[in-house]
Amino acid sequence: MLMKYLFAKNDEIPAGSATIFFGFSSIFWFVVGTGLGSFNAAKLAFPDWVTGTELFAFGHMRQVHVLAVIVGWISMAFGMTMMYMTPALGNTRLWSEKLGLWTVFLWNVGLSLGLILLWMGITSGREYSDLIWPIDLVVIFGVLVPLGINVWMTIAHRKTQGIYITNWFFGACIFMVTITILVGQSPEIFNLTGLTEAYLTFWHAHNLLGLWITPVAAGIAYYTIPKLTGNPLYSHRIGHLHFWAIIAFYSTPASHHLMSAPLPEWLKSFASVEGVLILIPAVAFVANILLTMKGKWSLFVENLETKFSITGVLLAIPLNMQGGFQQTRAINWYVHGTGWIVAHAHLALLGMSSFLEAAAVYFGLQQMLRRKLYSLTLGNLHYWFFIIGFCIYWISMTIAGLIQGAGKIYEVPYIDVVVAEHPYMIARWVGGTMVFTGNVVWLYNMWMTAREGTLVPEGRYPHELAYER
Amino acid sequence: MGFKMDQPLYSLSDEQEQDEILKMWESEKHGGLWEGNNRLPMPMVILMALIILTAFMITMPIWGQRPTAAIYQDHIKLMESPEVQRLATPEEKMKYVADTAMQMAKSKGDSRLVGDLERHPLTWDDLLNIAPGIKEVQSGKSKYAIDNYTVLGDRIVLANFEGNFVKSSPAFNGPGGMKSGADDYRERKQPWWDRGYSIDVFYVSYFCLVVAFIVKRLPHFSRKPNMAKAK
Amino acid sequence: MAFRQHKLGAAGVGLMLGFSMMITLFGPSNDFRSGVSTWVGLDKQLSLGRLIGFSYEDPTVSGEGKPITVILDKDPKTGAAIDPPVRAYVYKAGTKFSPGINHNELLGPGVEELSTGIGKIGSASMSSGAVFTVSKGEFNGEEVDYIENTTATRGWTPDAALRTAGDENTRYVGKGKTIYITEGCWWCHTLLPEQTQDWQAFGAPPFLGDFNGEMPTAFGSDRKAPDILHVAARNSSREWMTMHFFNPRLVQPNSIMPRFNYLWGRTDINGNPIDIKAWSKEYDEYLAGNRIYPPEVPEPARDSEVRALIDWVLTSLK
């Protein structure tokens, strides 16, 4: 069906096609990514599990998990939300549905290719920029630029006067992540070496999270929460404070990832102040969303999408508290390089960000398919598997990280730390597997929604019908 | 310019103020830089100020700074004392040195030194390794003071900090005494004006200024466009 | 007046991001440039070659086209004994030079002048190959290490150097680091002892100038295993490394490191086929208590990947 639309005239493609293809792709990659995560966790808990072949070696699978989740699930969910929120907020149609479909097509092809190469060990050996630079050029010019053009043109052709905060985030973040990837890949393309390379690797890694994954997720929440609750956003101004603070304070502290490397000390001082200032956008965001919920808190229990969304927003509180302070010189020496950071990264990606996107994907797919969710029970099952699995993962890795930190400063022989961490590695695997199971349920539920969900009449929202028969 | 609390979910501004914002937004020039703008809600301003303050406080040089080689000065003095020479094993020697150095630090009342020593214990072998380096610096061969060095592994090395400018001779060596001589150098310890912090101060002020202008010129989002004016 | 918010917004975002990039990218670039290559830095870049990871000369990241490190105890040209033995980096004809050879400014002040001057690295040619060493010299009264192009200064040719060294003194360091990257060792091991606490357990942190010309640096960020920047200083046994790579639990029962037995390839050093399944079966019997000793670990073949990996670990990570 995708093939048919790729070469159709733009006007003949039904509105929402791009959203639907993006949506299902993202859920598919989420299943793949979390499945790989669960597999990797099993290998950490039981190292003799599958051995003897490099295809299933941990070192070949780990980066595939990370990039499948970031570029596949999270970024595609972003693409999906951009395809339906941007026009909705501009009171217009998507600039080009066809371009959107080409984007999703190239994205899936490019990502599959990149991940297969990574799996085979063809890598650039740089964290979060593991994809070799030709693939990165595909990501930039085949994915981000077309996506950007679509979003920017839709915003420029909007029929409202103001630009809603969500669209500010969408438009700016696509631009910024393109710049980030270009700069981040420059060491490979221009063969920059040494500390410059190390610093640019983490400049890229930090900004990928800071200028793409967290802000776009927040932008999504600015749409879903008011839409689902019917309350207007508490304050558009605080939203803007959030937006500009993200650009100013999230783009600067990259060097706090390398506190122990021989970088210039002034850069580290600069970065750790900026790192704490990340709390400014965080406070603005959380306060804004939670105040918007005023009077509608019952929806947190009753409505599936709100449940996902608010969970994500609540997880942003510990996320930013950790993120703001763990990078200062005072705390970094204890937690750096330990499982604490792994827990923190999953809190950002699997916790805050994924929950917000899951809500938007649930909502958007029902909206665009004009069908009610196939089974609310399965939806709730997904939510509880997701949140319980995530909490098991997060808590166990945090404890493991604290053990590791203590082992580090008290000069405990490393193998004793490994032994002490073993129970938490098993817990991590159990948690990850629960998330994976939940996602399989989700994919089934969404597939059935597309095929058999009750049709939603014109003028109604799918979530309004949740409890109607 | 007051707040209107009866409809907090809609806006904190009253109707008249909303109207004024909209009117201004229709007519203003240069992004509303020069017209009467509105404040951010006061609690947000206070919270922001608090965060900025915290950010600078918690990253002050006094917290979690890497130890300089200076904290082991007492160790070096003690390790050659007859009391230490009399002890048999390296463990005993180190215990004596560490305990005595800690006593000395406590009697000096320098809580920072005490904390540093607690967090950065040494073995006797480590001490033997770094001793020659520290002695060499103390003997005045290096123009840098001992606290400009950090202990990294079995060596002491100059830290990466850019500190105050030290003029090698007080003599007049250029117009206004500002010209730097060949032997002038920068201290390698974190100064109160650390370049990173200085940029931060500048950067944060710039941010507040820019955001004040950008945020304040926005009308409420529920503003319906005047399509007659649109092209 | 209408419809101009996005134009102003775009300009604002651009300015804000541009300003932030100026501070974080342009700001430190001078500091990075001022690093003077240390011996470690020169050794690293000469033994690793142009770049590790995906590149034109090695698109499958298998470690082809990398320089070979040899330990010479005889002069390859004259046959005179060299004591102590010297480490030489052999670039066969066509092997891409490490960045510092073509871009001398990467070496840092002092090293650059000596290397291009008495080191004669300018006359090295990629098409006919070259042999480099790191020598000590004096610049402005300070001792610095510099690169010497021995092909020009002493007439050592790549072939002669390899022949003189023989297999026992040949170390496939460049290929070894490539295996480190492709096998994802750096997802668990770091190459960055921390400046505050680690050095008593894992050795000294790296210094400014230890990385000039290295790509990728692969510090690693997620430490599920010991830091290995100085692992060879703690344990330099090739036998231990061989067993540990084949199955880490042979030497460390509580290890969670994967088995890297697939790096042995199909045959061992004597050309006998390696049957991993049979080995694992015997090992399981050993675990069950039916055997007294675990099965023998095959000795890696000369061109096997694990040989190169162990070479790198034992040669570079001191």
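Letters A, B and C mark the chains in the order given here, with residues in each chain numbered from 1 onward.
In this text, a residue touches a chain if its C-beta (ideal position, glycine included) is under 8 Å from a C-beta of that chain, and two chains touch if they have at least 3 such contacts.
A quick note: this is a predicted structure, and the numbers were derived from the prediction, not measured.
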| item | value |
| --- | --- |
| Chain-level touch network, classified as line, ring, star, complete or other | complete |
| Closest chain to global C-alpha mean, per-chain Cα centroids | A |
| Intercentroid distance (Cα basis), subunit C paired with subunit A, Å | 34 |
| Whole-Å gap separating subunit B and subunit C, where each centre is the average of the chain's CA atoms | 35 |
| Multi-chain contact sites of subunit C, meaning residues that touch two or more partners | 2-3, 12, 16, 23, 27, 193, 195-197, 200, 205, 207-208 |
| Junction residues of subunit B - those touching two or more other chains | 66, 160, 199, 203, 210, 214, 225-226, 230 |
| Of all residues in subunit A, the ones touching two or more other chains | 161-162, 244, 248, 252, 262-264, 267, 270-271, 333, 409 |
| Subunit B - residues contacting subunit A, complex | 8-12, 40-41, 44, 47-48, 51-52, 54-56, 58-59, 63-66, 119, 159-162, 190, 194-197, 199-200, 203-204, 207, 210-211, 214-216, 218-227, 230 |
| Subunit B-facing residues of subunit C, complex | 1-3, 8, 12, 16, 19, 23, 27, 193, 195-197, 199-200, 203-205, 207-208 |
| Residues of subunit A defined as touching subunit C within the complex | 43-45, 47-48, 51-54, 57-60, 62-63, 120-127, 132-133, 152, 155-156, 161-163, 168, 171-172, 175-176, 179, 183, 187-188, 191-199, 201, 203, 244, 247-248, 251-252, 254-255, 257-264, 267, 270-271, 333, 336-339, 341-342, 404, 408-409, 411, 414-415, 418-419, 422, 425 |
| Contacting residues of subunit A [partner subunit B, same complex] | 159-162, 164-165, 231-238, 240-241, 244-245, 248-249, 252, 262-277, 279-280, 283-284, 287, 291-292, 294-295, 325, 328-333, 409 |
| Complex contacts: residues of subunit C adjacent to subunit A | 2-3, 5-6, 9-10, 12-14, 16-17, 20-21, 23-25, 27-29, 31-32, 35, 41, 45, 50-54, 59-61, 99, 106, 181-188, 190, 192-198, 200-201, 205-208, 210-226, 248-249, 252, 254-263, 276-277, 280 |
